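Structures are listed in the sections that come next.
Consider the two complexes below, in which chain A is the common component and chain B and chain C are the respective partners.
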Partner chain A sequence: MKTKRHSLEKNEQKMALWLLLPSFVILFTIAFYPLGSVFSKSFTNERFASSQKTEFVGMQNYQKLLSLKITKLEAVSQDSNGTIIYEDPIDILPREPFRYKEISQFNIFSNHYVFSATDPAFIVSVKDTLTFTLLSVALETILGMAVALIMIKNFPGRGGMRVAMLVPWAIPTAVSSRMWEWMFASTRVGVFNVMGQWFGITNGQFPWLADPSTQVWAMIAIDVWKTTPFMALLIMAGLQTIPKGIYEAATIDGCNGWKQFTKMTLPMVKDTLVVALIFRTLDALRVFDLFQIVFAQKRYSMASYSYYQLIDNKLMGYSSATSVVIFLIIFLFIILYTKISGGVTDE
Partner chain B sequence: MNKKASKIFSKIIFWILVVYLFIYFVFPFYWTINTSLKTENQLLMTPATFIPVDHLTGEAVFSLQNYKAVFTNPTFINGLKNSLIVALSVTILCLIIGSFAAFALGKLRFKGKRFSLYLILSMTMFPQISVLTGLYAVINKFHISAIPAMIFSYFLFTLPFTIWVMTSFFKGLPNSLMQAANVDGATAFQSFYMILLPLTAPAMVTTGLLAFIAAWNEYLFALTFTSIEESARTVPVAMALFTGTIAKQEPFGEIMAAAVVVTIPLLILIYIFQKKLIEGLTAGAVKG
Partner chain C sequence: MIKFKKFLVLFITLLTAISFSTFAGGQDEMASASTEDAKQTITVAAGAVGMEFTLAEEAAKTYMESHPGVEINVLQTPDLTTDRLGLYLQFFQSKSSEVDLYQIDVIWPGDIAEHLVDLNQYGAKEFTDAHFEAIIQNNTVDGKLVAMPWFTDAGLLYFRTDLLAKYGYNAPPQTWDELKIMATKVMNGERAAGNQDFWGFVFQGNSYEGLTCDAIEWVASNDGGSIVEPDGTISINNANAAQALDRAASWVGTIAPDGVTAFGEEDARNMFQAGNALFMRNWPYAYSLGNGDGSVIKGKFDVSPLPSGKNGMRGASLGGWQLAVSKYSKNPELAADVLFYFTGYEQQKKRAIVGSYNPTIESLYDDAEVLAAVPFFGSLKAVFLTTVARPSTVTAPRYAQVSKVFFDNVHKVLMGESTGAKAVRNIELDISDIIE
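Right after this comes the complex of A and B.
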């Protein structure tokens, strides 16, 4: 009896190995091996589709990608209005080994500084991607919660509403990017400029996608529309696990709506909410389609910048370094979330 | 009386919210349909109209010319074909390979099970962009053409998810089924494909649909791998790089018609399978 069970277990072990093998072979070839090769390429000057010899360049790619500098600018003169004129950053920013280029200027305690980087486009793309991620995830969560609270109520037309909700989620991002691009058109052929004029917000000519101050906001608007349904569905699933009786009991005890929400509903959907937040944050951090389709080279997300370096500039080594930085940033967020949520609970 | 008034008031607020959200979700798609039915002249009318109208008489006029153009556009038709091939292949292969792994993880006892599960779960967080250059180098080295390259690389995001959801489904099936089959002399593998696999059909429909939609919508890999092989472009790439046959500038009328054509099949799928889709989407979060 004992030996039979033993051989059975051994059999299972062997079979499990064979069943898992295809999955692991595939995942190794398309995930772990490429990740490793991206990592090693990031230390070279490899060019894509080129006969140039690949050389090991150490940390040079990372140095160029990530070098930042804050330099104090000295006042040189004053114009007739009393405005102080500062020295030109181009004259004082270092040029070796890579040239520092200005990103912005700012004042602290009556001192004037210039913020510069050797690859300003990448630094700006990191800033834009983080802004995009934080704002769109926050808005999606709030809106998703509202939708979920409505959708768990029984009302006529709920089925239709559920289908309507899945519309934005199902439309391919490539398609919805084009749809919104058209709605954001810079004259009154675009619906937002028509509406903007109705409400007196714009003169009907506002270039939503060309004006730097609204570019990221436009991306956020599209992303919130597209992913709120997903957020709402996850939160709904969490809400459905809450027994109805506890609300009745709370009402009898004189606990009102808002208090019920913050003291009962929120803590009980916390776990689901954390999982949803992780999914969405990681997704938003690697955003590509939206930025690539709407802006191409006008404004980058981290991923579209990496793509640009690979395909347009053929800099495989440099693009790889960008990818590694993106991977590390995302990894950092995963650690942060697991720390905050107190570790992933076991099964 | 007062209580009744406040109840009516909150009901009104509730319905305003419902209507508002409905419009919010559906309006962009409505606008797409509206645009797709306009001629090039109607597109340029300011302010834009909420239904296609004649610019002189103001009467509603619908034009199907954009649809005609889209269906005679070889890039778009070819894109539909490519997308269908890629998405279907990914779905079928993913279900086969994924259900093997899920059965092992859900029902068999072996060493390293927890590690394997976590390894696969961690894959769902893998940023596509981080493997792009490495993957592209592999594909170039072995001269894999674009369509197989896409099918193969899409496992990156479809396979881990499929395994994860299917595993939790296998776990939920009673052990007694396998034991009974065992007593009757069936091997573990026989009991897997003769008894357990048919029972997982509902989970297969769900994960299959999600894999299909994910593959249908994918853009980054498709754009990269087809950059030198234009005939292999899928719908999202064709949409993003759309050049029209009617308009000389950006042909938004045709783009919107194409958008409607691409979206309608997905909407039908959603309408039929909405319950299953919602189950699948939320399974990972609630059970995981």
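Right after this comes the complex of A and C.
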């Protein structure tokens, strides 16, 4: 009896393995195989669409991608206004095995430093993507929450408003990016330059998309405009699960609007909010289309930099290393969020 | 665990088996290509900007009429140059025989030469002499002619004939300094007359490949070389080049709008075509658009070669597209024949008359029928004889990086963040890192 049951169990187990096999094969071919291939390519100097022999180069790609250095600059002279002139970083930064190039200069305690990297474009793209992600997701969450709180209320024309609210999100990025590019035009063709001139901020000629100080802000503006509706939609779904009765009870008990929001609405919508945040953060970290369409090779997001290295420079190995670094950064965020959301569900 | 290992081994064996069989299959296909098929098919990957696609289809039709055994498919490819390159690279990476003829940009021959056949093997010699030498030179990689010029482009100076006459000038500027003087005078006059949006000179100042084209003209016309010379020496770090860049920076905010640092071709054209600029640097395509119905400058402008800087040097960036035969084509001989027909005299003449595409065959610029249809081609011949090619063939396969270093640094000079001397030094160092 016992042995029979044992064999039955074994049969079932076998059966289960066979049933799992297809999904394992699919997972292997669409996830692990490409991922592993990118990983192994990142240690080579492979070129895309080339017959050049591929060689193993160890950590060289990563070394070039990630080397950073902070060097102190000595004062050389002083000009007539008393401004100290420092030595040119080009002369003192190391050139072997890869040349360090200046990213920025700064002062700490009257000492002058230069921050440099062997691949400044990538380091800047990481910084830009992180700034973009943090600011755009934060703004989208706050605005999305506000929009959702309004949209959940009963008012005439609510249905129409809800549809209108979704329009920016429904427009393909390729189209909306072009639209915004126009608004940011560097002459009085662009609405921002016209407005800037009215208020006396610009002379009607400001190159919003070419000036390094405004480039990332322009990207954030486009993304917030485009994705706030999505955030609002997700939060609204969360708000709808909260029973209306408890608000009536709270009002009777003398609990005011702000307190209702912080003590009732926020805790109850928190789970939804965390999910929405994960969605948006991961999406923003791998932003590609916006940067590629508006900036092309002016300034990169992490993903568009990887694309540039692969397609324009045909550096398959180097581009793979870039992808691995992006993967690790995103992975870090996932762990962070899993910790946070785990905390939520345990409560 | 053992099972898993077995499975892994099985999987890898399977994978290798598949890849080997496709490899062998590819060779089989090569072998069978020589045997006569009922109808041979040639696929052309062509552009679809403006009238390109229609013209290519018509050319295919006329070829098929005279060669009943051949079928030509014209494939549409993305408009954006980088997207098109991305698509081609995927075909090349998989050694695909799907496409026989590729329409390639003037900066690609060096990059993708290893995927293209040497057209000299198929008798290109009898055609090449008629074409502009600079382009043939550009398309020759290690002695192999990898692509045949199809149509070309070069930087031109557009100027407003009515305004020059109004302010007492009877000819376009011959030097960059003259251009600045004329632009300042006309700009001040027009602004005093009430047009606050009027500027002297517009060009492509955004940080992209277009700026490389503009800046190499400034440098070459100032006797500053062409960044990297055909023999491989990096020539950019010289006083003439630095001076050329500083001069360009002095235009920004004076005769050119501050916003020019974000201008592409179309931004410049929009401004010029709206009647708000005296001079414009642009490609030939802007000519027919500027003379279109509804253009306020219709009949009020003309083109000339770009001004010179030092020693009477002139430079016009070379642009344009070529046709090339893929190495993975099943029938390269027939493909080459189609290519010579497409890029030949008759077809180029037709494209010039119907679509105002600039021929690469010199004698077509003296052809009465062509000149009747597009009169301004007459003044272009001089420009095409002074073209300067971007250093794409000599720096291949790293031209994209070289160009980015160049336009990034030039853009910094235009933005006032760097100086010409600093920039050319940076460019030299960076390029020497790239091409080793």
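Convention: the second predicted complex is superposed on the first by the 309 of 347 C-alpha atoms of A that agree within 3 Å, B and C clash if a C-alpha of one lies under 4 Å from a C-alpha of the other, contacts with A are read in each partner's own complex, and residues count from 1 in each chain.
Everything below uses one rule, namely that contacts are C-beta pairs under 8 Å (C-beta built on N, C-alpha and C of every residue); 3 or more make two chains touch, one makes a residue touch a chain.
Quantities reported herein were computed from a predicted structural model and do not represent experimental measurements.
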### Message
Looking at A:242 after the superposition, I want to know if it touches chain B, chain C, both of them or none. Which is it: first, second, both, neither?
### Response
neither
### Message
Under the stated touch criterion, which partner chain does A:189 make contact with: chain B (first), chain C (second), both, or neither?
### Response
both
### Query
Which partner does A:326 contact after superposing on A: first (chain B), second (chain C), both, neither?
first
### Query
Given the touch rule stated above, what does A:334 touch, chain B (first), chain C (second), both, or neither?
first
### Task
Please indicate which partner A:99 is in contact with in the superposed arrangement: first for chain B, second for chain C, both, or neither.
second
### Task
Could you look at A:255 and tell me whether it touches chain B, chain C, both or neither (first, second, both, neither)?
neither
#### Entry: chain B or chain C, by number of chain A residues touched
B
### Query
Given the touch rule stated above, what does A:27 touch, chain B (first), chain C (second), both, or neither?
first
### Query
Between chain B (first) and chain C (second), which, if any, makes contact with A:314: first, second, both or neither?
second
### Message
Once chain A of both complexes is superposed, is A:297 in touch with chain B (first), chain C (second), both, or neither?
### Response
second
### Message
Does any part of chain A touch chain B in one structure and chain C in the other, and if so which residues?
### Response
48-49, 187-189, 193, 311
## Note on the structure
In the complex, chain C touches chain A at residues 11, 82, 85-86, 89-90, 92-93, 111-112, 114-115, 197, 205-209, 253, 257-263, 267, 270-271, 397-398, 400-401, 404, 411, 415, 425-426, 429-430, 433
### Message
For the complex, give me every residue of chain A touching chain B.
### Response
9, 11-13, 15-17, 19-20, 22-24, 26-27, 29-31, 33-38, 41, 48-49, 146-147, 150, 153, 155, 157, 161-168, 170-180, 182-183, 187-191, 193-194, 197, 204, 225, 229-230, 233-234, 236-238, 241, 272, 275-276, 278-279, 282, 285-286, 288-289, 292-293, 302-303, 306-307, 310-311, 316, 319-320, 323-324, 326-327, 330, 334
### Message
With touch defined as at the start, can you tell me which chain B residues reach chain A in the complex?
### Response
14, 17-18, 21-22, 24-26, 28-29, 31-32, 35, 43-48, 97-98, 100-101, 103-105, 108-111, 113, 116, 120, 123, 125-138, 140, 152-153, 155-156, 159-160, 163, 188-189, 213, 216-217, 219-220, 223-224, 227, 235-237, 239-240, 242, 252, 255-256, 258-259, 262-263, 266-267, 269-271, 274, 277-278, 281-282, 284-286, 288
### Query
What does chain A use to touch chain C in their complex?
28, 47-51, 90, 98-99, 101, 185-189, 193, 203, 205-211, 296-298, 311-314
